[in-house]
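Next up: the structures, one after another.
Look at the two complexes coming up: chain A is in both, with chain B in one and chain C in the other.
Here is the complex of A and B:
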């Protein structure tokens, strides 16, 4: 007899419906699984066999053929186990019901029949819903991820037996209740990284605020131990709160990577700090078992912090250039290409020189000019060009550290950031641009008219520091953000000057 | 070793085991179709009908459990032989039917019936 069951596969973040078909026939007892399965899917045979036996059913002693359609799509992972098992029960007439139609089954089976959670449930559910599927059975362990999606009926089953009894109506399961994003946010604890713990560093704090307001990238340069990492860690706390749609998009990526936290949805903006030994594949996405999202995609909607920037492999850094411009990364492999969103704020930290003390008020630098040049040369001009704000973070005096004066907290800064973002949203209404940093030439001409005085200042800087055309455009964008923070319609000379001052590395001629 | 006493003893032991196994299957309600069914691929100890299934049974006889369990001796090569023999049997039969490969372990304690011991 022949039977079929619906399941889902992932291609990047897009769900693809997969029909599992089983044919149980007379003949030599055998089991054949076709439809481009990878090793994990192939192994489903032994899991499914044991799970069926240990759930009190019998594995068909017949010629069994299982097909995963569409046959040309490469199938990976263990999420088909449940669908294969149900299909075999149906084909061997142990499960006599037509009610499996309209359901999508996802889940990995244990040898005892238990359902184990699988990765990528959220993007699969969302795509499936958009394709018109409304009823799902998922492993109990994935229920938290499924509870934020409205308009679907999700049933969380603990094992194969529960699934079967649900379908036949013997013991129907209760759908997972829909939970609001606000409820998840409510569970959120206080961010341990807050700007109020950062002492001094007025210049860096200001640059950080500007960077977050306009979605610009930030480079913090300073001697070791001066608070670069602390500042960077506080960035997510001043970023605007996640909207539900943003949270879903970010969680989708993290779901594929198998990390959705305890709430089943990300309530905070991600902060990723890949170590400088990271490979290009781990940074941009890839890998031998399908194309996994890389660090830049996991940082989508949040911050990618690269500490000790010159220590990263050059190829890895150069690979960031294109996603920095486009906000997406397309990873191509011989088996096909996958596009992941990668719209993140880049924050980098580095020392000014190998010994770390160049430009410090009190410590002498022992590096030779050649050493410093070599050190800075590890970061290519094109990458540096894309970092709009480059600020120095210097050591803090002892009195500043011990003073009782409470520094401005993240909440206060976030207020201003939210306001600047609101101005930008209204400005770019109806376009795909969301922040000042995303402006293209057309928008720059429209929204960033420079007075004669501003133009004069910019011309002088352009010629003196031999800036690139891109650097000029980026200075204007930063000036626009500074003007927004000052509630100014026009870009004033002071705004341009401040924007230019953030390009210290161009000035140093490095 | 060709005509050694050991070999002779093993032959007798095997034949006795197969007789016991056949009697056991009969008692369980199977119909014995063939004993020592010879094909170009090798010999099948017992071919029987168990309900709707045709059973190809390999009989393993042991006088002690000093070694491994008898079924462990049915290795991949022997399984292959049975599968080929079953194909040969099917083509001779000319009709589709359900097949099964069983192993019967004959020990002094009795007969152990391992249904559906392997598949292709």
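Here is the complex of A and C:
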């Protein structure tokens, strides 16, 4: 007898409906699984066999063929286990009901019949809802992820038996209640990385504020142990609050990677800090088991912090250039290509020189000019060009560390950031540009008119520091953001001067 | 590069020919030259000449040398190879060989040059600094070189730090004055086929286009450590005075300064705070009688020259406040400036970068700033004057 059950597979961030078909025939007992399954899917046979037996049913001793349709799509992961088990029960007439229609079943089975959580529930649920599916059975462990999606009925089952009893109506389950995003936010504990815990560093704090306000990328240069990481960690806390749609989009990516936190949805902007040994594939996405989102996608909507920037492999850094411009990454493999969102703020940290003490007051730098040039040369000009603000972070004195002076908290800074973002939203209404950093030549001409005085300052700086045309455009964009923070329609000379001060690497001519 | 014809006298050709032998030392070459006051003497065929020469060079070498004389194309090839590279030679017997250089012990017999030959004439002044030069000293060296280049031909090297700052200053000053050529001579310690440091290839090309590049080495001689101190005698030999902008106790600049003292040149040095390693050499020179130079007039008045009074750039109230703090405190952290002036840091960073553009302050790293040169506050001094 033939039976079929609906399930879902993932292709990037999109769910694709998969129909699990089983045919139980007379013949020598055998089990054939077709439909381009990967190793994890093939292994489902043993899990399904044990789970069915240990749940009190019997595994059909017949010639069994299971097909995962559409057959040309490569199937990965363990989410089909539940659907395969149910399909076998149906085909062997142990489960006689038509009520499985209209349901989508997702979940991995344990040998004892328990349902285990799987990755990517959220994007699959969202895609399925958009395709008209309304009823789902998911593992209990995935319930928290499912609770933010309105318009669907999601049942969280603990094991195979519960699922069967729910379908047959013996012991119906209660749908997972819909929870509001606000409620999740309410649970949020205080951010341990608040700007108020950063002592001193007035220059860097200001640069950070400007960077977040205008969506600019930021480079922190300073000797080891001066607080570069601490500053970077505080960036998400000054970024505008997540909206529900943003949170959902970010959570989708993290769901595919299998980490959605305790609330089932990300309430804070992500902060990703891949180690400098990271490979290009781990950074941009890819991998041997299908195309997984990389660090830049996991940082989507948040911050990608690259500490010790010159230590990263050059190819890895160069791969960041295109996503930095486009906000998405398309990973192409022989098995297919997948597009993940990758719109992140890049924050990088580096030492001023190989020994780290250049510019330090107490410790002498022992590097030769050639060494310093080589060290800085490891970061390509085009990448550096995409980092609008470069600021020095320097050691904090003992007095600063112990003083009781309350530093400005992230909430206060965020208020100003929100305002500057609002100005930008109004300015760029109707265009694809969202922040000042995304302005192109046309927008710069339109929104960044320079007075004669500003132009004079810029010209003098251009000649004195032999700036590039690109650097000039970046200075104007940053000046625009500084003016926005000062509620100023016009870009004033002071704004231009401040913007120039954030291009320290251009000025040194390196 | 288009081949240019340079005309040489027989005397000059003789020295160019002589310098072409890799195996000859300076001592051997100058020995041969002193034996033969004119090239014609050398060409003369007699036994006496041979005996004299054998006292200086081994027989085998001599035979090789004399063989080249028999080849008709040897010397023309040598000359056209140089000309192809745009290199002209000034020999110790050339009319425009600088007199001051001729007077030093062991003057270079031959200068391979690229650029503007006329710069060999006229008064020269050296601005030299070590590779490790603080940013304010670099900025100051740059502005000194710029101003000096309107009175002197600036002589320096092309190393990082102090030297290249002087080069940039002299080049920029000429551009600012709208002059096609810069009064600038760079003396190299290696052949003109090479560039050291390689990062300065562009700037060196500009110097040979608008100023003059000079070396005593054949074009193929690669940079080597021991050649640099030897080069410094040429810098000291060319000039009337030397300004040392930076240098440790044992650095190349102190070698230049010692040569200069030995040759009776005037030595000036930037005064440094005690305890700055890159300025210890300067302070040691000052202790030994060098003249301190913290403004351009210190040098110009020594030679009876008058500084063209450059107006202090107009500053507003806040900028003056900041300048006063930076001048009083020396190298100052931006947060200390904030404490003294009360101007918030984000505004300060703008003000300071404006002052940097005007050439009044320089970044010292780690968000610290230092004043460049002496800042005279006209408005303030007027306030202090009694009515």
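Rule of thumb we're sticking to: the second predicted complex is superposed on the first by the 499 of 510 C-alpha atoms of A that agree within 3 Å, B and C clash if a C-alpha of one lies under 4 Å from a C-alpha of the other, contacts with A are read in each partner's own complex, and residues count from 1 in each chain.
In the analysis below, a residue touches a chain if its C-beta (ideal position, glycine included) is under 8 Å from a C-beta of that chain, and two chains touch if they have at least 3 such contacts.
Values in this document were obtained by computation on a predicted structure and should not be read as measured data.
Model built by superposing both complexes on chain A: chain B and chain C fit together without a clash.
Contacts of A:352 after superposition: chain C is touched, whereas chain B is not reached.
Measured by the number of chain A residues touched, the leading partner among chain B and chain C is C. When the shared chain is aligned, no partner comes close enough to touch A:405: not chain B, not chain C.
In the superposition on chain A, A:373 makes contact with chain C only, not with chain B.
When the two complexes are laid over each other on chain A, the CA centres of chain B and chain C sit 130 degrees apart as seen from the CA centre of chain A, to the nearest 10. Once the two complexes are laid over each other on the shared chain, residue contacts for A:62 go to chain B alone; chain C is not touched. Using the contact criterion defined above for the overlaid structures, shared-chain residue A:28 touches chain B, although it does not reach chain C. Superposition on chain A places chain B within reach of chain C only down to 72 Å, the least C-alpha distance between them. In the three-chain superposition model, chain A touches chain B and chain C at no common residue. Across the complex, chain C meets chain A through its residues 131-132, 160-161, 197, 199, 277, 333-335, 338, 344-347, 349-354, 356-359, 363-368.
Against chain C, the residues of chain A that register as touching in their complex are 200, 202-203, 206, 222-223, 352, 358-361, 364, 368-370, 373, 392, 394-395, 457, 460-461, 464, 493-502, 504, 507. The touching residues of chain A, counted against chain B in their complex, run 26-31, 61-62. Residue ranges on chain B touching chain A, taken from their complex, read 53, 83, 86-87, 90, 96-101, 116, 119-120.
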